[in-house]
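When the chains are written out, they are named A, B, C, D and E in that same order, and each has its own residue count from 1.
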């Protein structure tokens, strides 16, 4: 049974169709990459999966259960963890407290029970030195790491990552890839939206291409990267 | 005898009811001068209720607890008198109150105003003024001077005065019924209502010749204008509170002519101050000279409040509140508003201990030739010693 | 002297530094393209020039005048108009009103008027009374460009004009650029589509992490250099 | 028959409320500024008109016309110097500052004019009326209603037909991008508040001629104005008129049943409308 | 799941340097306040009663506006409703005022449930106006309650407060007159209510719910995504604030002994002054309202005799603080000194194994 399955999911903002009958499934433990031009609807897809935006039509099943009508907190408790493309930290809370919120609410535990795990995640994501600073004081890169750390704190079964590698140096990028691989090895399923393709391709085993809210490609990274559509639409390389 | 006698005084010096207190400074200055001249040593601690009942209770506590006054005086409308009197009663401190009809004052401070059997007299709170029975008598006497169909429209708001005036037991309804008037009372409206078409429609379809009620000035203006616009022209309009002050009547333009009201006190009342020997006319004139403003009815009562205080303190040890209370109860003094004595005269037994009544007559506002209005006393059947200045006239 | 130039331009969002000493220059009548990865600072550069971000005085000069400390309306009055990232049409305004609002702060002397814009993008004329947001993404981009042109600017700053648009639409929009250049306006465009950028620009700057890492004319830049700069693979 | 009259009076009353509300709607719609001092500004304008009437002996309508530019300048300065500093995502600063302003205006007027209740005299117009069949309609209430409609029509024209109106809407949508169009948001906001103060002056004229006013009576009327704006839907002027009428009619119908219900009925109508349509009757498409 | 990670041991605490000292100082202060009636004059006791009850109202409003982003201008609904329920309990049901105060709190709580249902449909400014209208409706409705005097209002049965539980005892114990004993009992109740309110708010802020509340305030959308239910979280504090506000309202009116709709639902007294207190002191902190109420009290004493000038100056001060020191006096002070009497921040301490430390930049 796939951990996540989308069936004919559609969403419009006014006249703009941002999801147009999207269907795909993700097996437990799989790592999937999503690429597509700006505005293709990738972040919207995430918002639909997490429930931050309601679908117009179609169904979303998580771990066999229909979650289409569930609010975001229920889906989070069920095991959907996410990062926001534009980081959304709780600015007045400290970095550590940001994780505590995720830990305590996202996995229905007490603060005590999740304290150690949150601290370990801070170390893992390299945020430990900033643990007691207000999240509002972080720069963009650290905000993005905080997004990842907070999502991990909710103890997700599936992790949705939205452009967390953009703007990293080569070395940082490598570190991030290692971290995500480690998370993946622990059995967490991953969907990763990313423009930094070499990083993406060193983690995922499958790529989905979105264009104008439609899936125009779905398969293993080599085939997809070599396909005509992707080279033309996404990479902007004349064929 | 070094320490001065300390009087606390609360009135609404700011806020919507401030007009009632506009003569305070003039009166208190006069009082201080008069007592000094008589070799008496008084101190008055003045507190402003800001027209706010919460604030009134607070300042009363302050007077009692911090200033440790010997006697609390309070004036002007139940919003200020009731919280202050309630506080004094709880604190067992003597209190004299005035300028609010006695029913809203007395009944309004009962725990269950709806159940007369439960009403209890107060120990230390006293009040002198007239009551609803007086205003009813004055109004009906005035109406009796004219030919009307005896149909009366009532405008009573849901506030201390309105509820008392419209009360089925102690208010207008039972008396009017007895005298053969039919009262059309559509119900208690809220103060600051912007539309009176419901009432006007009711009065129009009933054909009421007489309008009565106790309204705040903006509401009466709204009503009176709307009534004229809608072609409702009663012969008599006797209204409490709204047309108490000349400024409020002047605000009606020419439409204030021959509106009638009760008169608590006027410059032509034939009484003298026990403190200064001034006549009513002289007091009023002094006020106008000092402030440039026309005299108003509350002036006499604020002055009388201090007269009573001095009289009481002459007869008791100011520091012994029990003695002061006894002295108040035993008062019998001729003041600038008439005789004040807590002798239970013309009062139901339950109120006899705490309430003293002063005379009340009826008057009409008459447009003067050069503009402005005169308040002319047109009915004195309730107090024949107060002279009239003319006869009741129909409006329009 | 160039019409518009920056010298060691720095920019901050609070404590976060987004630009570290950027030097670019634009001559009268020239078209310059700025390319670079997400977050490289391209938009920040345009925001600095257009006055959306206040900068340290002395780092931006336009026509010999210092403009780094000016607010957006003042910059517009001097003749620099901006087509912002994400189009930013006003949702409460119709297509035509969105265009007209472009004239609010400056009319300028030049060729552009409502009719001119409708000639440039005929499809807009048919939909002039619809709310701007009811249009397709490409048409919205046309409105945004038209709105920028309505003030008859001497410099037009275009941020990501082909963002999220289908190739056909991108072609239509780029077809307009020669006509805009023909009126004498100088243009700065930011573009993700490198091919398009190279085709339309006289000169190209490539940015990374708040710095200019590569510049030159399209002819002198090899595709490999650009790819490397773009993805940061061998940039250092 | 009397029901017809009741409803008609309610509609006329609604005109008064809409007039109180129109300036509020303008400011609320453009800047999301909850102006708790609006009622007190109306009273302030009424005192200004009164001053002109009594000092210069002007006809109240002419006095109001003289007051218009004065109030515009006052509003402009108030917004430019004070209120602009409070704008942002947080609704608390404008709420608190305008509340402070309300206290300051009330007590300033008390100091200056005492607590006496005043009235602007409109002479014979006050009691004049038109007879239509069995129903008489007061001339002043009718004038009030027509003025409300006039103000709404004018605001609509300004808002939707002029370049200033476009600038209002654009700045309201996105003030940063509006800056790129050469629109100076602070001045646009100041102009909007200035305009709102002109509407306030017109409202003050009718408030002051209708009944007595005193320095403390602003807040009591403010709540009806807010209700009208919210029922109508943010930024919709016709909605504001509709909102005023709903409250006015609810009040007169409530009163016809029992005067005890008059004001309560208006509030309950407000609740009911919002329960059914939380964003008001005519919400703006984008918010 | 974290078996590959170091099993380092961590400690989390909310204490800061000096917070233990300040806790002790606060305890001492409370003890002192408890003993105050033994050695201060009656007027001081009354002033303290005023300060404490206003403090409770201010803490409740601050909980709503400062911590939950719920700007209510209708808290007078709960003050008045609590007070009226207390009056009904005493006058109509013959309850002891002490028990009636509890009734008042519960009644306010009960009122807040349907109210929450309505006002939580509204956002931001609409919420503010919605709460105001609700308060007006409650006021107008209670003004129809004839048994409690309708619009006229009513007074407590004379002697009711003197027979209140504990009053006789205190009178005998301290050898004071009845009214003074009533004052002292009311004062102790106010002290108890203030301590419990502040304690509960502090506890709430340090609890998981408090963390969720802060998250919702900072970013509602993100909070939803990590499992926080914003509606429930906000409703919870709304109900808690209503309960405490209702208790305070009932207590205030036991002491006043007289009620009328205009007084009990007064916008200036129970909402405007309260907002003023919070703003002056500093919104979003527990210390702020404490500072604010003291400043407010001093201003009132200094200026109250100047009539409308007093309010005018109060308004101006409020405007100036909002414009130039939006975080209030306590904010100014805390920025300089870093002092916090009620720290809520969870501070992480402890050392990871050296191999786990990675640079962050």
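Throughout what follows, a contact is a pair of C-beta atoms (placed from the backbone, for glycine too) under 8 Å apart; a residue touches a chain by one contact, two chains touch by 3 or more.
The structure presented is a predicted model; accordingly, all values stated were derived computationally and were not measured.
Participant: Between chain A and chain D, which partner chains are common?
Facilitator: Chains in contact with chain A as well as chain D: C, E.
Participant: Please work out the Cα centroid separation of chain C and chain D, and write it as a whole number of Å.
Facilitator: 43
Participant: Roughly how far is chain A from chain B, going centre to centre by Cα mean, in whole Å?
Facilitator: For chain A versus chain B, the centre distance works out to 76 Å.
Participant: Centroid from C-alpha atoms only, then distance chain D to chain E, rounded to Å. What do you get?
Facilitator: Roughly 34 Å separates the two chain centres.
Participant: Show the residues in chain E shared as contacts by 2 or more other chains, in ascending order.
Facilitator: Residue numbers touching two or more other chains: 140, 144, 307-308.
Participant: For chain D, which residues are shared contacts with two or more other chains?
Facilitator: 110, 260, 263 - these are the residues of chain D that touch more than one other chain.
Participant: When you check every pair of chains, which ones turn out to touch?
Facilitator: A-C, A-E, B-D, B-E, C-D, D-E
Participant: Can you list the residues on chain E that touch chain A in the complex?
Facilitator: 1-2, 4-6, 8-10, 12, 208, 211-212, 214-215, 217-219, 221-229, 345-348, 350, 352, 356-360
Participant: Name, in rising order, each residue of chain D that touches chain E in their complex.
Facilitator: Chain D reaches chain E through residues 28, 32, 34, 82, 85-86, 91-93, 95-97, 99-104, 106-108, 110-111, 219, 223, 226-227, 230, 260, 263-264, 267-268, 270-271, 274-275, 278.
Participant: In their complex, what parts of chain D are in touch with chain C?
Facilitator: Touch list, chain D to chain C: 163, 166-167, 169-170, 172-174, 176-184, 284-286.
Participant: Can you list the residues on chain A that touch chain C in the complex?
Facilitator: By the definition above, chain A touches chain C via 14-16, 37-40, 137, 139-140, 163, 166-167, 169-170, 195-198, 212, 232-233, 236-238.
Participant: For the complex, give me every residue of chain E touching chain B.
Facilitator: Residues of chain E touching chain B: 41-43, 46, 50, 90-92, 140, 143-144, 146-147, 149-158, 160-162, 177-179, 182, 256-258, 260, 262-263, 266, 268-269, 304-305, 307-308.
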